[in-house]
Structure formats: C-alpha cells, structure tokens
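Chain IDs A, B, C and D follow the sequence of writing; residue 1 opens each chain.
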Amino acid sequence: MIKDSQARIIDKKSWNNYFLFSLESPRISSQAHAGQFIMVRISQHPYPLLRRPFSIHSKHEKNIEIFFQVSGLGTDLLSQKKVGDSLDILGPLGKGFHGGENLNRKEVIAVGGGRGIAPLYFLAKELRSHGASVKIFYGGKSLKDIPLKEKFESEGFELYCSTDDGSFGFKGFISEYLKAELEKFTPSRIFSCGPEEMMRKIAQLAKKKKIPAEFSLESIMGCGFGVCWGCVKRIKKNGEEGWVKICEEGPVFSSEEIIWTEEEK
Amino acid sequence: MIKDSQARIIDKKSWNNYFLFSLESPRISSQAHAGQFIMVRISQHPYPLLRRPFSIHSKHEKNIEIFFQVSGLGTDLLSQKKVGDSLDILGPLGKGFHGGENLNRKEVIAVGGGRGIAPLYFLAKELRSHGASVKIFYGGKSLKDIPLKEKFESEGFELYCSTDDGSFGFKGFISEYLKAELEKFTPSRIFSCGPEEMMRKIAQLAKKKKIPAEFSLESIMGCGFGVCWGCVKRIKKNGEEGWVKICEEGPVFSSEEIIWTEEEK
Amino acid sequence: MTDLSIDLGFIKLKNPVIASSGTFGYGLEFDPFIDLNKLGGIVTKGLYFSPRPGNPPPRLVESSSGLINAVGLQGVGVKKFSEEILPQLRQYSTAIIVNVCGERDEEYASVVEFLDKEEGISAYELNISCPNVEKDGVCPALDPETTFSVVSLVKKNSSRPLITKLSPNVTDIAEIALSAQEAGTDALSLVNTFLALAVDSEARKPVLPNVFGGLSGPAIKPLALRMVYQVVSRVKIPVIGMGGIISAKDVLEYLITGARAVEVGTANLIDPEATVKIIDGLTEYCQKNGIDKIESIIGTLKKS
Amino acid sequence: MTDLSIDLGFIKLKNPVIASSGTFGYGLEFDPFIDLNKLGGIVTKGLYFSPRPGNPPPRLVESSSGLINAVGLQGVGVKKFSEEILPQLRQYSTAIIVNVCGERDEEYASVVEFLDKEEGISAYELNISCPNVEKDGVCPALDPETTFSVVSLVKKNSSRPLITKLSPNVTDIAEIALSAQEAGTDALSLVNTFLALAVDSEARKPVLPNVFGGLSGPAIKPLALRMVYQVVSRVKIPVIGMGGIISAKDVLEYLITGARAVEVGTANLIDPEATVKIIDGLTEYCQKNGIDKIESIIGTLKKS
C-alpha cells in the first residue's frame, strides 16, 4: 500500500461517458495485481469528501490505467482532469483475483458488465501469461456501453459481446449469452465483475455447472484500506458468516464465499 | 441587477497573484457605473458556498473587467479559470461613486491601495469623461503589488506610486505620500479604495483639508443584493446612525457618512 | 398538468417551495430576478415590534458547505413594515408569511396583535428559535415549557394561522414540537440555524463579535432531515421542513420524509433564482415519474 | 526546538494530535503510511466485551463536506483484542487509548475490568455517545443521569484514567459534561457524531438500513467547536476536542478555544497521512510565530 500524491495523468481517452486514464505511478504499478484497486482523491477540498475506488485496468511498466464511467459527482469531476494533472492515489489495495496459476492450456472466461469490465483487461492478460486461453464476455446496455471492444480484440482475446437493446452482438443480458454458450463448452473457471444482479445470475450458472468462479464486488468505501468498516458485504469464510471488509479481504471473492442479497428494489 | 450565468472569460492577464479577467456580459456592461460591483459564483458546488464580490474594473462595449488579488480559497479557485470558461455573475450591484458630475477642469484624486485600485480605473476614466483632471495615487507593499502601474500610465493618467519597502516610487504608505502632496495642491475631490486603515487616514486628511471624499468599503457579503443584512457597516445618513447594508447603499460612502471603527488588532 | 399545490389545512400553497425568513429580505428584492408569483410562499425577515439595530459586523462567516450568520434580526419594526413593505408585497399572488420575533412573550403577542389589523398576510411564523440574538444562543424553543408559554399566548392574540419555527439545538425536538402543538400552533417549521462558533486562529478571537452564530446551508441538511423525520411521526399538524435545500432533489427528500412543504434559505443568497429553479425541477420530476399530484409523495418513506 | 507536548494531568502526550476511534482501525493499518510513533495518541476502534457484527451495509453515505456512518461498532471483542491486537500496538511509543463500549452499564464495566489486567493501555475512552447502535440514536450521553450512572460505575472498576466521550445531540452539553465530571471522569472528549438521516429519493427509503447514522467531517466543525467552547468554561477537567479537523489550523482553533488536545477522525480516511501532516503543520506554525510550547496557546481565545 503506497500513497502516491503525484500520479500524473499521461494519457486520457474517452468514449461518451467512459474514460480511460493512464497514470504514471511506478511504485504502485510494480506491486499491482489483477483485481486490485486504487483510491483516488477527487478534490483537495472537502467536497466531494471521500476518495473514490477504481480497479486497476492494466499496467505497463511505470504506469497503471483506470477505466471508469461517469456515475455521479466524483467521477464527473475526475473526468474533467487533463493530461498533465496529477492525482493523489492510494494503492494497490485489496487482494485481487486468486485463480491465476496452473492454467496451462485451460479455457477460462471473464464476464464484465458495463464499467465492470475495468479489472478484466488486466486479469485477462495475467491469465494468458499463465498459459490460459481467455474468452471475454462483455455486456452493456447499448453499443456505446462496450467501448473497450476494440481494445480486447486488438489484444487477440476471443470476444463475446451483448447489448440489452441488440445494437451490437447478442441481444439480451450478458448472463443470458453466457448461459447459451455454456451449453457448448465448459470453462475451467469464470471471473466476473459488474452489476450485482448480473454477478448473482452468473454465480447461479457457475454453481449449476460446478465451475469455480470469482467475483469482484463493489461497495461504498470510506477509506479503501481497512480502517472504517464501511465497505462490508456478507461473506462466509472458514464456515463463518459475517460482515467482511471487501477493501481488505476482497474486493474479489469466490462464489462460495459470497452471500448474495436479494434484489431490493 | 442582472444575473448572467454565462459570462465568458475572453481575456486573462496575471501578475504574480493579481489577475485581470475580461468578461463578456453585454447587459451588465451596458448598465455599469464606476464603483459598482459584481458577485461571482466560484463553484457550482457548495464549496466554497457564497459568491465573492469584485469591483467592476472597467467596461468596454460588451465586456467588463475585474481585477483581483488571490486572498483565499475563492479567489484562488477563480484565478485558475481559463479563457473560454463561463462565470455565473450578478451585477451591476451597489450604487457606486457619486461625484461624477460638474467636474470640468477640476483636479481630483483617486487613491488605491493594493487590490483596492480595482474600481479606480473605471472611475478615473469616468471622471475624465466628465472633464476632470485625475491624479492616481497607487500604493502597494512592493513593486510587484502595483501591477496596474503601466495600465494607468498608458491611459495618460498622472501617477503617484508608493511602496512600503521603497522598491518603487515613494517609500512608505500611500496615505503619507498623499499627505506630502496635499501640501502642494488641493484637489476638489478625493476618491479612495483600499485597506480600511489606509482609507481612515485619508479620511482624516480630507477632513482636515475640507476636501470632499468618497470611499469604497469592503465587507463580507452573503448575497450582494440586499437580502441577508450580512454586509453592514456603521453609517450616518440624514443624521441617523446605524448598520447600513453596503451592498445596497454603498459600497461607496462619503467621509461624513462613514463611522470609522478603531483598529482592532 | 402536474399539480404541485399543497394543502396545509389552514392555507393552500401553489407549490411546496417557500422562501425562508432572513434569506429573502422582504421579498421585493428578488423582483428583478424572478417572478415572485411563482413561489409557494414568502416568509419575510424576522420582525420585532420596534426597529432593531442587529449585531455589529462581521455578521457572516463561511464554513465547509455552510454559512454561519449572526445578523441578529436587524429589522424595521411593525410600523414601517405595515406602511411601506406590506402594501407592495400584497400585490403578489403568493402566500405572505410574517416571521414574528420578540424579546419576551408579550412582544411576540403585540407584533401579532398589530399585524392582525393588516390585510394580505397568510400566516405568522413564530421565530422562537433564533440562536444569535442572546449571546449564549438561548431562545424559547430550547425548552418545552417556554415554548408552550409563548405559543399559547400568541395563539390567543392572533386571528391568523400560526406556524411555530423550532430550534435544532435540542436533545429531543419532537418533545418541543408536541409542546407547541398542545399550545395550539397550526403548523411547525423546522429547523432554524444550528448554534455555531468560528474562531480566527490568527487573531485568537471569535470571528463574529457576537461569538456564536447560526449555521445554515448544505452542511446541515442530514441533521435537519433527521429532525423532520423525528417530528412528523409524533405530531398531527403539518410540518414545513428546511435546512440546506439547494435542489429539487433536496425538496423531494424532505417531502418523502413527511414534510408537507419546505423553506429554502441560504440557497437564495447564492442564486437569487434558486426557488424558481427548484419549482421547475419539481415539475420536471413529477412529469418524468408520472406523478399527477406532488402531495401524493409526502410521507412515502419506506421503512428501511 | 518547539515543544508540542501536552500534559493532560493523568497522561503526557507527545503532541495534541490523537487519532480518533473508528477512523483509525486498530492503528496498525496505518503503519504502511506513517510512523505511528509520531502521534500524540491513538484511540482504537470501539470495543465491546464480545465480538459485534455491526450493521448491514450500506454503512456510509457522503453528504456536503460530511460523512454519515452507521457502522454500528463492528468489532472483535476484548479477548481477541488483548491477544492479537494489543501486543502489536504496545510496541509503538504513543498513548494507546481504548474506546470502550457497552450495551448496558455493566458491559462497559466488564470491558474495563478485563482490560485492566493488560499492559500498554494509557487510558480508556468511554463511548457513551454512539448514535448508530440503537435504532433511534439513543445513548447514555443524552442524559445527565444515565451519564452519571455509567461513568461512576466504570470509574469504580478501572485503575486507569477515564476519558468520557460526549454526544453533540443534546440541548446543553455542559450539563452532561458536569455530570460526567461529578461521576469522576478524568477528562472529556467531544464530540461524537451528529445524528443524521440521508434519504434516497429514487427508492424512497433511508440510504442506510439503520435509518440514522452519525455525521462527521468538516461540515460539523463549527458546531463541535461551539460545544468545546461551552464545555471548557464550565468544567475543571481537560477537554479533548474533535469534529471536522483536517488541518493544523483547525487544531489551533480547538486549542485556542480551550481544548487541551484533539482527535482527528474522518480526515484519516481521506488521507492516511493526515495526522502526521497536521503535527508537522503545528510545528511549523509554532516556529513561525515564536511559540516555544504549544501548551501556551490553549484557552487563549479573547473575549470578542
């Protein structure tokens, strides 16, 4: 865990309300693993007050990338930062994805919904470096919500896209697409990040097919490094169920560990 | 009183921590008089919360200028705005300077200290257009605190500068310089804006010499348009003394109207 | 057509948005900026029987997302108000509510008695909760008994509906609310400002000569909203909520929590168009969400 | 050499900056970021006798310049604390203060009794003021009698100095302070969080399943500072001030007002280096202003 208060934005790309920032932060980059995240300070003033968490989208030597969607005030202000500005960030935080070893020749699947695609690029590259063959399932509401399509393709990942409105790829939820494809083959692992509802459905699928699966959870975070107890989710570990800090023990958990809550709305 | 939420910054100059913004605001410009001010919204978010008041430094057709010194958070944030950004402003506010008529061939003096020089450029031009001959007394701590020197000179105003440290012009307070010069001639009016301590001394001088004088006061302003009663100063009007809203009745008052408070520190 | 109107029982408002006392002058000052006829109501600046000088400056200091004021209820007194201000205000078609102050119970009563003879007032808002008049922030609304005493006296002397404005600086605001209800108030408004201190660390003295001031603005919204929640479940009379409202969304939060109307304060200083923008925002919200009558959302907060 | 040390009577601190309970974990989590030995003290997370599950999420919601939390004192209980955490904490040379919680007076007493056998604790901070444990925000510190009862019982069972942490959600905090003093507390710390409500206007429900939460952060500073002012003039024991501190300037305001030390809370979440930066800022301030001993500025607020 490092505090880098001078992580310079060295590149910025955007697609509608999705943004990709490349940050120069050699010390964080050198320690980062797929599934870990950083906490970004949005303002030097007490408004907005708290840092915001973002997955590490990729790393390249001295740099890390974050990929985010404008979802409220903090991300809106962040999106207005310019190349050359410096960000105050903490990272790498959390434990990240686990299943990255002994994957030689194995087929694995990474399923991302919306901004949840962010950590899966880093993961896919890490998995591949461990010998796995990675299929990416990438869903969004509409074509404009799957802006990283080309990025995955150009890296040679096998890509399965879906849009809710059918504007590109499979028409429907990505979980439905996955379900259909799972009739055809069985991966040795599934990794996923996205809306909770999507992940819950994927967890059900994985369970039925007895495929080990890992999920990257989201939560409102007060600190990101385990001191406020703000970010808990219901987790079962070593037979015991309780409120577990996802910033410290997660944000990635296996399907057996997560106690999915029922849709509330 | 107009609210212009789209006053575009069309030009920006700076000298150390002094800034000159030119704002496109045709409706405010067309109504503005010397000594009036505008209230500038610093942030669209509630931090900092209140607008900040700035004198109208000059007007040119569709534009008005403000000249300000970074003195705290609000002015700091304001100074970071760029050409092309829009400001949300209210104006023209207050009543401004009074003595602008029947000045043909008369000699008048405008005395500004530090950022207090701001309204005096507009005033000097207005006075000259009424036929007066205007001498500018301009004081600052050091040479770098009298950045508008050239601007006044290039407009052909007779300029008397002082610096506390003697780095330029008369060494000492501008009020002392004025005092010395008043031994040599007697203007028909004095106008002044600057630190309260400076203005109090000038008021004493003016009183002794029986020269009518006007002062532009500062105060913390909640609204700028007379509804919060936050900006009051002790004023005597029509024989009655009381707390008077300087945003509405001022910010300019004559020496007889102002009840100067004693230095508190 | 969306119906934004609100029935408070004793008075019907065009919409739930009222401009709050002390942040809206005598109302007329906003005429250059907005159409006052669009407002649900206007609460005029706090009015004592006699003119009041108010506190020495500085009277304001900004804090994080908040404003601390110690204006101290400077004002013109009932005579000048009735002669010079009320006649102008009467011309607008919006509810005119007069914020009534007093040093003792009797002064409150005499303000109301005096104004009762004047036309064009919809209701009185009894300001028993201003924290920056007495040096230590003491006011009747800190105690159920002093609240009962002044409310019942004023009610006796008034022919008009009475809204009692409560202080947030108490342990149990519902207790004070119940006391005001028992004393006969027709409605409650809450909250007035929070007792606050700002210190100038350079000069080592309080920033405000009055020492204490009242905190308002977005900083206090979560506290004020909590108090509205605590009061609405205990009283039978309508509650007008306020504290930190700057957007239509803020108003919705108050209405959903159970306030039947709201007052907008500090926001007026920052943006003289705030009230009208908020009203437009409410219309938009209702239209988007298929809500015909805004009254239908009042008190719809689900148990979590 | 500037002397930042503070004598609280029962304990001497390196400097007046203490990390506050619940925002500093068990302290150790900050080791990667700062040198814990630099701190005046550390207050550990609220500790009940038994492990506590805490409240369901979401537990946090941001407001304007503020944070509302309803963590609900999730924690490990005294046994695990003594066995696993305390031994590590002991290695640091800073005052370790344990924040003590209880559902009833007896639980507070048993926590203290248990910990009394352990070494390496400088004092207890009695948390009788957490607003998000009971659903309606009730806690002992809302009432002088319940305060007296728990403080005197704990004092009897403790061999260590006792700091009683007060709630801001009261009409007269000095009254509660006096009651705690009478019951034998060695010092007071104030304030805990302000009872707050956040409403989700889309879902029409409270954002926090616990309904209420506690507001902290810069938004509350003017209110907390006012309470410190009200308390210091009435009590004889030292007061530790807190609420919204994010800079050395904030600390100076508290010290000048009369607090003998301060606690830094929410700022730790935003910047894990906050405490150390503040301490450096204090040194710098003293050097610039020729202050040899920071104690000399305590309570130097001039009458305005």
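Please note the rule applied: a contact is a pair of C-beta atoms (placed from the backbone, for glycine too) under 8 Å apart; a residue touches a chain by one contact, two chains touch by 3 or more.
Small disclaimer: the values here were computed from a predicted structure and weren't measured.
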item	value
Those chains which touch chain D and also touch chain C	A, B
Which of B-D and A-D has more C-beta pairs touching across its chains	A-D
Most distant chain from chain B, judged by the mean position of its C-alpha atoms	A
Centroid spacing, where centroids are CA-atom means, of chain B and chain D in whole angstrom	47
Approximate Å spacing (C-alpha centroids) for the pair chain B, chain C	36
Cα-centroid distance, chain A relative to chain B, in whole angstrom	55
Shared interface positions of chain B, touching two or more other chains	46-47
Junction residues of chain C, two or more chains touched	64-66, 203, 217-219
Graph class of chain-chain contacts, one of line, ring, star, complete, other	complete
Footprint of chain C on chain A - complex, ascending	46-47
Interfacial residue positions of chain C with respect to chain A in the complex	64-65
Sites on chain D touched by chain A in the complex	22-25, 29-30, 32-33, 45, 53-54, 56-62, 64-67, 69, 71, 74, 203, 217-219, 246, 266, 268-273
In the complex, chain B residues that touch chain C	1-3, 41, 46-51, 88, 90, 219-223, 225-234, 242-243, 264-265
Chain C residues within the chain D interface of the complex	63-66, 68, 142-143, 169-171, 194-199, 201, 203-206, 208-213, 215, 217-223, 225-226, 229, 244, 249, 252-253, 256-257, 297, 300-304
